[in-house]
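Each in structure tokens, the structures are laid out below.
Heads up, the next two complexes both have chain A, just with different partners, chain B and then chain C.
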Partner chain A sequence: MEEGKRAVGRLCSICSQRRPALKRPKTLEQICRECFYAVFEEEIHRVIMENHLFKAGERIAVAASGGKDSTVLAYVLSELNRRHDYGLDLFLLSVDEGITGYRDDSLETVKRNEIQYGLPLKVVSYKDLYGWTMDEIVKVIGLKNNCTFCGVFRRQALDRGAALLKVDKLVTGHNADDMAETVLLNILRGDIARLSRCTFIMTGEDGPIPRCKPFKYTYEKEIYAYFKKLDYFSTECIYSPNAYRGFAREFIKDLERIRPQAILDIIRSGEDFRISSSTRMPDQGTCERCGYISSQKLCKACVLLEGLNRGLPKLGISRTREAINGSERLHKTGRLPKAEAERPILQSKPCGNLEF
Partner chain B sequence: MQLTLEFGGGLDLLCQSVKIHHVDVTPNVENGKLTLRDLLSWVRTSLIKERPEMFMKGDSVRPGILVLVNDCDWELCGGHDTELEEKDVVVFISTLHGG
Partner chain C sequence: MSCSGSGGGTCQSLCRRTKDDEVQPPPPSVSPKDGRDEPGSKVDQSLCSKCGEEKPAWNSLCLACFRSSLFGKFKLAVTSNAMISPSDKVLVAFSGGSASRVALQFIHELRCKSLKNWDASKSQGLPVFAVGVAFVDESAVGLNPSIGMSNIIEEINSVVSELAPAKKELHVTSMEGLFCKNFDDGRSCLNELLDSITDATGKEDFTQYLRMLSLQKIALDNNYTKLLLGSCASKMARLIISATVKGQGFSLPANLQYVDSRWEVPVVLPLRDCLAQELAMLCHLDGLKTTQLFNSPVGINGLVSSFVARLQEENPSRERTIVRTGEKLKAFSFNKFTQDGYYDFLPSIIRPKFQNVNHEESKPEFLCPICGSPLSDSEWKHLKGTKGMYQTSIEMFASQCCQSCRFQILPKDTSSL
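Up next is the complex of A and B:
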């Protein structure tokens, strides 16, 4: 249409030929759709190369929710893999939380993506892994801490799915906005351990399945602009009232409107934090029950699951250590020693999106 | 003025879960024009059935909601002062929930 007239007669600042359709938040350049797709893909390629995210011959699982980030990630990775000959074997990995009317619909999107991009899909479900669907969990615990359960279970479900697929790495669609938000949240919670690692582009390199975030520097706005040509699912999780994260999110968007660079600057701040050597960091071990990585005797998922199965769903959701170690002590002494109060163990994640 | 309005990213839930609306909006009586600013207040009063604060903040859309006029970023075509024309397509996408 006559959008040219409105775009004040200017031309794309890259090709100088077509009318611009988008203002890049990162650079404030006004560029056309064709140039946008090209620079978007090229930047992801550069991030992958500069950070040595992959090695030829690796098997890589894309954590796919059917939402915009993972849909764009799966598509762009398979394109780049072909174009630049990365030599990767790509897979889609989805988690079925068992949320009727939400995840069952979005899984349909992932199944279409499987065909559209020719990537094999593996779905792991909470029901199979834990014996509970989110619908069943919400029936027991209500809508208060459901995101905690979902977040803890999802994280582990992805690792288990990745192990089943025998992949070398898991990639997630976390974008720059997500990361800026997480930096702020970790500051707000005083969670120094997470603050120091939440900006890493790759984590868990010493563990069995490292995770990486190729969209670390990619603005959410651009992912939306990109995925306009793709098939994706967008509906909010029906159980997702994560108010605290919501505020952080809105704050980030407010800042972005005033100064888009703020998002990358917050990530930079997170990267440049120096954690004082006197800060005690938790020791990583393994869960006595399931063998999953854990800084406690039992991993968070096992504690939560034990609560569900014993009819004590509050077990493990408070911010003090009332995890198994604490609750045993509680039985013996009748109260929890104050000194046991400790940093939160879990990564409370909101639901419905790619926050693995 | 005949316009097509699209609501995505959950905003459709605010207007009876309908994503695409074909609407007829009366332009400003004085100059016969309709700006995006006028359209926003029209949408707020005529289309949004619940939780208007999810759509507007002050007299603008909430930060985090993308606005496209005929597939063009509204920041490029004049923001609030964009003058709409017959048969324009305006898209609102919320980015405030996960993806």
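Up next is the complex of A and C:
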């Protein structure tokens, strides 16, 4: 990181022995590499303890993509589990989206991690679960909206994989920057229901497999600094280089530059929002077809999948609500599905996908 | 959630209506048309989508319809929130910008109408509200030094005096007047105070607070009962994002409502549903003179402003969506008028709407002594937990401030106060 230009002659503000190697964005302290590793791990431990994320004896799946966040997460968790005797059974869970040149390489990293950290690995693939790989999906729908498919499918694939592993909880590597970004995006799209729950450190506690985010307060920068000592994979997805969440991500990075604390402040804002009790929240139910949680009759994955299988890949992408109800209304009114799906999208932007 | 979700009350219908206006222009004019097109360029054949008679001037509306749609939003905000009662003396905060220029114009027109009604009414029992104008001279804090302040004040004077028939009083005050009667002492006091704030964003926010104090002072000294600001939807959208970024998620809705009675003279924001772009366009089309006095925002506020501007460019309804998100957050008890009998002047049909709400929430809020934000539960706990641990009154004061002010406004070392 900022290898001590100003810090020449100064010493680590924690141990006062070694030369500082980096400046912590949270506290602006100049600290040495050894102290950084110790503080970093200690902080994760504190978050886990304070929020009662785990109970002894639980089986925990770490959602591992082979990228920076999840690699660090898998390593730190197995380390802390040993050091503080959490008594957890840890597993690695990966999703194979079927993206040649991207996922196959990153899966290799996960497989190496399996050996290095001694954690059993389970890989679930889109091909097995849905009958489609992302490569095949992109061939049908093109490079627009493909992230919608991938995102919806991945969410469900992780849950299904976790069920196969019979784990009690799923941990993901979402970091503070991701959280801040999600808060902003939900404000930008007016999604009050998601805004109210996007800052929870644990979600789905009443569901079969709760998810938690031990890196909720951990800066991406620090994760990057930490994983320098680990084996990792780093390329961008070939189908969405840089596109994902563009503006908001850039904005957060700019904010961090002038006020590093801003990221934590956004998360705190998200936690403190006074959501009016009269605001209507969507009812959580289950999908009629696959039994997955859904606020509609069919879950999003089933709607998207139906579109793919029937050769109407736009189903479920344009104007969410109508597309979902649309498949029902078709039977009643006898209207052609094509007309339904290809209607001009009058108000696609405000409530649909926020794609910049 | 969809944009047609519940919540938001009156504005909801308003937003929907404007959206429909935008969405349903007659097909031939849709494709090549940019909102900024002047009448008579490419869209000769198409007519105003509302009246169908005139040529469109903005967003497929003719000037008259565009104007009346904006005035409609203004009036709806005033009436549905009971902003102005007949006995009020309203002070309009005028900066020279387009938003406050439109606010002044509209309140003037509203008063003219009321006067006309008053003349025509038999009993003349209810009085007609009075209007005054305030301008805060901020040359001391280095705003656009290139323009001579005396010229600007002269210009504003001419704007205000042109608003006939009813004459409006213009109050000009300088920010340093808050500190000291003596001009030079006041100025050095002010500069010393602002220089002690090292964070650029904090300094800007504090200046804003001082501006509000100056306006309040004018209002109190001259017996005004309402302070009217021209804050528009675009400003609110920026405020929502920047408050979120500063960690003020809890207190955010306080500054967002049509009415804010935390101040001694309650503040009202009737233009909250109009976009800055619309207001600027109206000034342009109506030939209303404006001057841009404020420097563009700095620090966090500057970043947020350019971020929102970029989003708005990409999707013209983004600012409204942000404001709608903010509207879904719960307001505070001071976001309506609190004095007894305030709503008595309202027609009996709509009076219960306000009175019922009054009893709902009676929990007193503790406000940050700097920015006036209500303290969140965790801040409140922090304050209680540290009670009695302070030796000096300054430490005591610092402990009562919200977390955001403690970070960006108070000096890190409290002993320097």
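Simple rule for what comes next: the second predicted complex is superposed on the first by the 314 of 356 C-alpha atoms of A that agree within 3 Å, B and C clash if a C-alpha of one lies under 4 Å from a C-alpha of the other, contacts with A are read in each partner's own complex, and residues count from 1 in each chain.
Definition applied: a residue touches a chain if its C-beta (ideal position, glycine included) is under 8 Å from a C-beta of that chain, and two chains touch if they have at least 3 such contacts.
All values derive from a computational prediction rather than experimental measurement.
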{"item": "Which of chain B and chain C A:Tyr224 touches, first, second, both or neither", "value": "first"}
{"item": "First, second, both or neither for A:Leu184, with chain B first and chain C second", "value": "second"}
{"item": "Chain B versus chain C as contact partner of A:Pro214, first or second or both or neither", "value": "neither"}
{"item": "Which superposed partner A:Lys253 touches (first chain B, second chain C, both, neither)", "value": "first"}
{"item": "Partner chain in contact with A:Gly270 - chain B first, chain C second, else both or neither", "value": "second"}
{"item": "First (chain B), second (chain C), both or neither touched by A:Ala262", "value": "second"}
{"item": "Partner chain in contact with A:Gly98 - chain B first, chain C second, else both or neither", "value": "neither"}
{"item": "Contacts of A:Lys68 with chain B and chain C, given as first, second, both or neither", "value": "first"}
{"item": "Those residues of chain A which chain B touches in one complex and chain C touches in the other", "value": "254, 350-351"}
{"item": "Complex contact set, residues of chain C against chain A", "value": "1-3, 5-7, 19, 23, 201, 240-241, 243-250, 252-253, 299-300, 303, 307, 310-311, 314-315, 317-318, 321-322, 324-326, 328-330, 376-378, 403-404, 407"}
{"item": "Complex contact set, residues of chain A against chain C", "value": "183-184, 186-195, 247, 251, 254-255, 258-259, 261-262, 264-266, 268-280, 282, 320-321, 346-347, 349-351, 356"}
{"item": "Chain A to chain B touching residues, read off their complex", "value": "1-3, 6-8, 19-23, 30, 33, 65, 67-70, 173, 177, 220-221, 223-225, 232, 234-237, 240, 246, 249-250, 253-254, 256-257, 350-355"}
{"item": "Touching residues (chain side chain B, partner chain A) in the complex", "value": "8-10, 13, 62-64, 66, 69-73, 75-78, 82-83, 85, 87-88, 93, 95-99"}
